[in-house]
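Should a chain be cited, it is by its letter among A, B and C, assigned in written order, with residues numbered from 1 in that chain.
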Amino acid sequence: MPYHFNFSLIWRHFDRLGWGLALSLELSVLAAAIGTVLGLAMAIAHVSGGRGLRAAIGTYVECIRNIPLLLLVYLVFYGIPSVVNLQYNAMTSFIVTLSVYYAAYLVEVFRAGLLAVSRGLTDAGKAIGLTAWQRLLYVRLPVMFRIVLPSLSNTFVSLFKDTSVASVLAVPELTYGAQWINNNTFRVIEVYMIVTPMYVATGYAILFLLRQFERRLAIR
Amino acid sequence: MTGLETVWRALPSLWGGLAVTLEASALSVAFALIGGVLLGTTLVFGPWPLRLPIRGLVDLVRGIPVLVLIFFVYYVGPAAGLNLGSFAAAVLALSLFSASQVAEITRGAISSVHHGQMEAARAIGLNFPQRLIWVIFPQAIRRFLPPWINSVTDTVKGSALISLVGIVDLMLSIQQVIGRTYDPMPFYILGALIYLAINYSLSSASRHLEARFAYAAT
Amino acid sequence: MSDPLVRIDAVGKSFGTTRVLDGVDLDVNRGEVVTVIGPSGSGKTTLLRCVNALETYDEGSIRVDGVEVGFRGSEARRRPRRDRELSRIRAATGMVFQLFYLFPHLTAVENVTLGLRKVRRLGKAEARERALHWLDRVGLANRIDNLPSQLSGGQQQRVGIARAVAMDPKVLLLDEITSALDPELVGEVLAVVRRLADDGMTMLVVTHEMGFAREVSDQVAFMDNGRIVQHGDPESVLRNPSGERLKAFLSRVS
């Protein structure tokens, strides 16, 4: 029996998908911002800190990067409140998890970037009398930032795609919107034929914007 | 009953799930390796009528979240006449995801070999497959291995998402045990440790491989 | 005249078992240009980097205007200086590098103002005015808003010189500043240095340009194996070399 497509039900509930995408983007921006701060702080600590700090950050990175995001999402939302007296909603829980998860990737990005800043530039900063903090702030970080921008952009797009996992906590982002429409209209095929291109288009739109930004900041 | 005892008792009920996780991951990694290397090689050497659709497909798949890809194959597949069981659909989705990564990794690795190598190989009279097998691939593999291991790790991690279409893998077994014991934390930690062990042994194995294939860079 | 501006006294330094500096003595008087020549690996660049505290030295003493560069405390019990003190001391010496090391994210004028703003704590307008003055002096008044990547090697090096001299250093250290340049760009950079020398800037120069060394130097020191083997006015060292090593070196470079 040939399948009869019916997209009208999807369009009727399209606000679920539209607002869902908006929330996906909001989750992405928040997690990317927090993850960047965490990742940057750890990267700086890793390249300039002592052996203990270095080992701690290395362990964190190894652990987080080898555990599925889904498991971490469950662990933070269901696991942690079961052992400590902490209350938080699903959205907060997911943002924290995604930030911590991507911080482990971003540490590596920033660390590699900091190590790629030529020793000579640091020397030039020393030679004009900049202090260690000033060298970091005015020389190493700005140069590092320009070096890592391409991989940073790719990481952010991956992060955006991974916001789909928030649907398991019923955070009403795009994938959850798809599931809701599926549960209420049973038009599962149609909904994924709409939602999938929405993810692809948004992901590439983000990448396009970040690439424009890269081009403007390029140093060579 | 302490948390440790609960975990110890529930452990046997996780083995089945672990086996499913390992099987799904292994199959996906294998399919992705074969498919991805073929696609990636074609992306470098193929004629444009072949390159263009492959480029499009690889970029498309890379743009889809793994979770959505799994749902897509699982739900939309049957409408396209693809009547797979849930396990096969999940493995197909994971394979597609991983293959698109492997294709990119392959393309990058091959491109890193100096094109003079291809010319030198042609000059001594090797035909195209011989040039690939004896000259290009052996040099490209050094660039291929490190990102490929990352993609294997991504596949193992991504396999946890197949629990969401009802496949009783390690992730879902853990959820089921928690449903019975109402004690989530020890089992999530246990699960994390098992995934960590799988991926960690994979990456240490890869370091040995890398050491084997390492030679002075030219 | 009074004490020398830079006094290098029995300085020794080892990297592992290699002795890179082996009891170096060298004085630079105010307004003088002192050139250090020698084969690569002889320790001349390391010596220069020690004067700017980019490297530490194990023994001896380096004083710039009476201040010990690498250490604090009494001579008997000296300790390495902290980063903040080093920054202050480095600000008193200007350094120009072989590979320029301009800050790639900053324009020519921003490269010069960074130190003026953050180290000298000048106001925005004053720093810019001073930077423009020096960029004009090195002949780059029309390239002030270019990024380093938009400048030729010779232009980049002239920005490097402007960046160093704008800080108003007591002594300028030049580390093979023309070695990375295409031959046709060497002249424009040396012309700038020559003008600085005429204006009375104190300089310690490491170079392979023998003609230039002869022309601008008040003293020339020949270094070999971490030691200053020969030392004197350019005439005596370069025109009438004594010693086999120096003769062999000079015949190779000129």
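Here, contacts are C-beta pairs under 8 Å (C-beta built on N, C-alpha and C of every residue); 3 or more make two chains touch, one makes a residue touch a chain.
Given the structure is predicted, the values throughout are model-derived calculations rather than measurements.
When every chain is reduced to the mean of its CA atoms, the largest separation from chain A belongs to C. When every chain is reduced to the mean of its C-alpha atoms, the one closest to the centre of the whole protein set is A. Distance between chain A and chain C, defined via averaged C-alpha coordinates, is recorded as 46 Å. Taking the mean of the C-alpha atoms as each chain's centre, chain B and chain C sit 55 Å apart.
Centroids of chain A and chain B (each the mean of its C-alpha atoms) stand 21 Å apart. The set of chain A residues touching two or more other chains is empty.
Residue ranges of chain C in contact with chain A, taken from their complex: 52-54, 83-84, 86-88, 90-95, 97, 99, 101-105, 114-115, 118-119, 147, 149, 163-164, 167. The residues of chain A lying in touch with chain B in their complex are 3, 62-63, 65-72, 74-75, 78-80, 82-83, 161-165, 167-168, 175, 178, 182, 188-189, 192-193, 195-196, 199-200, 203-204. Put simply, chain A touches chain C in their complex at residues 118, 120-121, 123-132, 134, 138-139, 142-143, 146, 217, 219-220. Chain B meets chain A in the complex at residues 59-60, 63-69, 71-72, 75-76, 79, 153, 156-161, 163-164, 171, 174-175, 178, 183-185, 188-189, 191-192, 195-196, 199-200, 203.
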